[in-house]
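For reference, the structures are reproduced in the following blocks.
Consider the two complexes below, in which subunit A is the common component and subunit B and subunit C are the respective partners.
Our next item is the complex of A and B:
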C-alpha cells in the first residue's frame, strides 16, 4: 500500500518508466512459475481433462482402436451408481483406508515417542531399520511378503506352527478375505510407519523443553503432558501426515495386485483395482474413467477438509 | 542451487526425449524391422521354432530385422490395448483362441487371405474356427494343446493300483488308495488341483453334459446352475478334497509341473508340454524320467474320456501395422511344416492334421493326441474374454474349493454374472 501512495509524488514521465519496471517485477514470479505450471498442465491437467471427457463417453475396445469415443452423457455414472458391487468396493476401500491410517498414525507416533526414551545406539539401530524399510521399493517388499505368507513354503506358516499357535501347515492366507486383508494391512502399515515415525520424531525434537517441564512441575502426568502440550503443538504435522496417509492408502493397488498374481478375486477389489478391472480387463474404459473420477472427487473432498483445518491451525499460531 | 540446475537439466533431457520420440514416429518410410509378440511358452518350450521362422524370413528379407518380444498370458492383453491406443502395436501378435473373438469383433485385426498360408487346407478345424468372424479370416492357427492326466507310475504301483482308471469314479477310488499310502504327509496331493484351475473343472462339467452358457433366440444364458452342470461341479468338489494344492491359486502360479517334480503329487491334469517341463534339468526333476505316464481324463461313463479343453493360439496382424505383407511373410515362415514340427515335438498339437501322425507315434505325446479327439470350447461370444478377465469361473471355483459357498449358491451367482456379461451390448 505504501508504495502506491509514494507513487503519487513521482513526476509522470518517471512514474511511467517506474511502473513499467514495477509491472516487470510483478510479472517476474509468474514468469518463473510458468515452466512449472506448463509441466503440471501437460502431465496432470490434460490427462485429467481426457479422463473426465472419457467418463462421459462409450469407450470400449472398438472405440479404442479408432481413437474416438461416443458421447453418452452421464450413462456411465448412472451405471456405476446403480451397481451394488461398486458400493461394496467403495465401502471396503474406505474401511481399509481408515484401519490402515489409524494403525499407521498410532504405531508411528508410539515408536517416535519411544525413540526419545532410548539410548543413542538403540535409537541409531532402530532408525536405521526404519530407513531400510522405507528404502525397499514397493514391488520388492510385496514379493518378500508374498514369500513369507506363501501357502506351501512360507516362513509365516512355519513359524506359527513351530510356536504352537495352531496348525498352520498349508494355511492359505487369502482363502478368507478378512485374513487376506489382514496381511495387506500389515504390509501397508509396515511400509508406512517409517515416514510417520521419522517425521513425528523430528517434530518432537522441536517441542520446547520448558513447556514440558512447566507442565510436569504443575503436576501433569506424562499422558496429560502428551495430550495437552505435545499433541496441540504437533497438530499441523499430524494433520499433514494423516491426510498424506489417507491419500496413499486410499489408492492402494500394487500390493494387492502383485500379491494375488494380477488376478485378485472380486473379494479383493479396492476402488483402484475396480477401475483398472473395468478399464483394462473388461475394456470398458468409459466406466473405468467414471470410477476414477469418483475416486478423485472423494480424495479431493478428504484433502480439502484437511487443508481447511490446516489453514485454521496455521492462523492460531 | 545445485538442485535447481539438476531440475533444469532433467527437464531439458525430458524434452529432448519427447522430441526424439516424436520425430522417430514420423520418419518411417522404409521398414527395417517388424515386431512380433509371442507368449513366453515359445521362449521356454520351443525356441527352435522361432529360430527357424526368423532364418527363413531373413533369407527372404535380408534388410528387415525381426524383433520377437515375449509376453505373459496375464498381462499381454492389457499391453496390447495400450499399444493399440498409442498406435504402436506389434506387426504380429499371438492370441489365445478364447481371446480372438472379442478382438475380431472390435476390428483389431486385418483380414487375411487363407490361401496364402502353408497347410491351410488341413488346419485343425477347432483352431480355424477361432480365427474366423462373419465369414472372414482374421488369424492363422499356430498350435493347440489338449490336457490329459499326467501321473507317477511308481506311486500308482506302490499303492496297489493296477492299470489306469477307466472311469471317473475309479480314478477317485484310486486317489483314495494313493492318499492311504502317502496321505500321512499333509502336503501330498493324489491329484494336484489348485482352486482356480477352471480348464480342468469345466471338463468335468462338460463330461456330465453341463455347459457354461447356451445361446437361445439371440440371447446368452449362463447354465452352470443347471442340474447336469451341478452334478459335474459336485465331482469337482470331491476332486478338490483329494488335492493339497492352494485353493486360491491357479495351475500356473506356481507351475503345476514343477510342483509335481517336487515329488508330493500323484497326478495332475496338464498339457503335453508339461511332461518334459517336469523333467527339465534346471527347474524340474530329471530323476522322474521313466516314472511318469499319461492317460486321457476318464469320463463318468465307463470306457469313455472326458472332453478336454481345446486350448490353442492363433497369430493375428493388428490393423495398426504398416508392414502387413512383411507380417504375413513372417507368419508363413512361422507356420511352415518344418517349424510346426518343433511345436509338436515339445508336446503340443501342430496346427495341421498332417502332423497328427507324428504325435501318435510318440508314447509321450500319444495320450494327449487321443484326448484331443473329444474337446469342448468356450461360448463363442465377443464378450467371452470379459468373462475370463472378470475371473467369474475362478471365483466360483474358489468359493466351492474353500467351502465359502455351497456348490449351488456359487454356481447360481456365477451363472447370472455370465448371463449379464455375455449379453452386454448385444
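Our next item is the complex of A and C:
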C-alpha cells in the first residue's frame, strides 16, 4: 500500500503480486476443499470402485493375503443368480423394507398431524419424548427390545398373555422368522418414527395458513385439504424421508446381528447379512462384493426420485 | 373443547408407547435381581439399587472401551471441524468450476450403503495395515461425518452478510484475518452443532468398529455393549445399566441439537 502513496504509480513488483493474488484466489477453493475431498475419495470413492472390481474377481483368503484378486469375469454374478438362497434373501429384504418404510412414513406423518391438534403442554411432552427416543443409540435399542421380548421374563409376553391375545408364556419370538421379523419391524419403526415426525411437523408449520383456510372455505373436507393442499406442498420432504428410510432399512444389519447373538440362522439373512456372511465368515469376498453391488443397484433404483431431486438441488445452490 | 381433550388423550397414549422402552431400560437398571427375574413384571423399582451399575463398570474391558470411545470421538470431532470448515468456506464464499458437482457428491454420500462398502473397505484397510487400529476407524468415521458437517457449516457461512467481511477487509485485515475475526464468532453455533453431530455419529457407530477392531482391548463402547451378553448368559440388570450409561452422553447432546440435525439432513428439500 505504501508504494502507491509514495511513487504514485504501480511498480512492476506490485503488479505481479496482483496477478499472483488473483491466481491464488482461483486456487483457494480447491485448496480449501482438498483435505475433505481426499478423505471422501479414499474412504468412499475408491472403495466403491474396488467393490465393483472385486465383484468380477475370485477373492478368497489366498487373494486377501496376496492383496490381489484374480479376474474371473461374471462368474460371481452367475453363481448368485443361480443360488435360490440369494433370491429368497432379496425377496425378504425388499418385503421387509417395504413394510418398515410404509409403517414409518404413515405413523410418523400421523403423529406429526396429531401434534397440530394438541394442547401446548402435551405437544411439548410428546416432542420431548420423541427426541429422547431418537437419541437412543441403535445398539442400546436392540438390547432394550431384546429384554422386552425375552422368552422367560420379557414384559411383552406377560402383557400379551394378560390381554388375552393368547398364551405367550415362554413364547420364543425368534423361533418363527415371521414373528422374529415382526419384532425387528417394531424395533426399527419405533426408532425411525421420531425423525420422520419431527421433520414433517417442522414442514407442516411452514404451510401457509391462508391456503388451508381458502380450501376449507371452498368446502373441502379436512382429508381432502390434506390430500390436495398439504401433501403436494410437502412432496419434496416426503420424497427425501422415504428415500432415506429405504436406504436405512434396506441395508439393515446390526439390529438383526446383535439381537441374534451374531449368529442369525439363514432364515434371518437380509442382503447385508448375506453379503457379510459370504465375505467375512466363509471368506468369499468376491461373492460378497457381487451381492453388495446388486444391493446398491436395487437401492439406487428405489430412490431415483430422490436422486433427481438432489441433482436439482445442485443446480439451485 | 372435548375434541381437543380426545386428541390430548391420544397424544399422551402415543407418548406412553414411544417412551416405554426407554423407561423400561432405566427402571430395570435400578432394580435388584429378584425384581428383574420375576414372572410378573414390577412396573416401578420399589427398592432401587446401584449394584447393577457397579457390576456393569466392573465388567471386563469397560474402561478400555470408555477410553477408546473417547479417543475416537475427540479426534473425529476435532478433525471434522477443521476439514469441514475449510470445505464449507470454499462452497459458500467462492464461485469455482466443479462446485455444483461437489455439492451433489456431498448430498449423495448419505446414500452410499455402508453395509455394502464394508467389504472393499476391509480389503483397502488391510492393504494399508489399518485393521485393528483406532486410526483406521477414525478416518472412516470422518468420511461419514464430513458431508453433513460441510453442508451445515456452509449454511451458517451463507448467513454471514458480505458487507461484514468487506468492511473488515477495507479496514486492512487480510482475507484470512477477516475470516478468522468476523466469520468464526458468527458461525460458532454451526460449529457446535457440527461437533455434536460428529460426536453422536462416532459414539453410536457399531458396524465399522465391530468389523475392524478385533482385540477386546481396542473395542469401543458400542462393541463392548453388543458383546455384553455372551460372557455368562444374559444378565439383564447390569446389561440395562450398561446400556443406560452408554446412552447418557448421547441423550444429553442430542436434546441440545436435535432441531439442527433434522434440518440438516433434509436441507436439500426445503425450498428446493
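Here is the rule we go by: the second predicted complex is superposed on the first by the 270 of 317 C-alpha atoms of A that agree within 3 Å, B and C clash if a C-alpha of one lies under 4 Å from a C-alpha of the other, contacts with A are read in each partner's own complex, and residues count from 1 in each chain.
In this section, contacts are C-beta pairs under 8 Å (C-beta built on N, C-alpha and C of every residue); 3 or more make two chains touch, one makes a residue touch a chain.
Owing to the predicted nature of the structure, the values given are computational and were not obtained by experimental measurement.
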item	value
Greater residue coverage of subunit A in the superposed arrangement, subunit B or subunit C	C
Which of subunit B and subunit C A:199 touches, first, second, both or neither	second
Partner chain in contact with A:265 - subunit B first, subunit C second, else both or neither	first
First, second, both or neither for A:67, with subunit B first and subunit C second	both
Which of subunit B and subunit C A:79 touches, first, second, both or neither	neither
Touched partner set for A:161, first subunit B, second subunit C, both or neither	neither
First (subunit B), second (subunit C), both or neither touched by A:39	both
Touched partner set for A:172, first subunit B, second subunit C, both or neither	first
Subunit B versus subunit C as contact partner of A:280, first or second or both or neither	both
Common interface positions of subunit A, toward subunit B and toward subunit C	35, 39, 64, 67, 152, 261-262, 280
Touching residues (chain side subunit C, partner subunit A) in the complex	4, 7-8, 10-12, 14-15, 18-19, 21-22, 24-25, 28, 36-41, 82-84, 86-87, 89-91, 94, 96, 99-105, 107-124, 126-127, 139-140, 142-143, 146-147, 150, 200, 203-204, 206-207, 210-211, 222, 225-226, 228-230, 234, 236, 239-240, 243, 246-247, 250-251, 254-255, 258-259, 262-263, 265-266, 268-270, 272
In the complex, subunit A residues that touch subunit C	26, 28-30, 32-33, 35-37, 39-40, 42-44, 46-48, 50-51, 54, 59, 64, 67, 111, 114-115, 117-119, 122-123, 125-126, 128-145, 147-148, 150, 152-153, 155, 158-159, 190, 193-195, 198-199, 202-203, 236-237, 239-241, 243-244, 247, 250-251, 253-254, 258, 261-262, 271-272, 275-276, 279-280, 285, 288-289, 292-293, 295-296, 299-300, 303, 306-307, 309-317
In the complex with subunit B, residue positions of subunit A that touch it	35, 39, 60-62, 64-67, 151-152, 169-170, 172, 174-176, 261-263, 265-267, 277, 280-283
Contact footprint of subunit A on subunit B as seen in their complex	11, 74-75, 77-78, 81, 84-85, 87, 102-103, 105-108, 186-187, 196, 244, 246-250, 253, 319-320, 386, 389-391, 394-395, 398, 402, 404, 421, 425
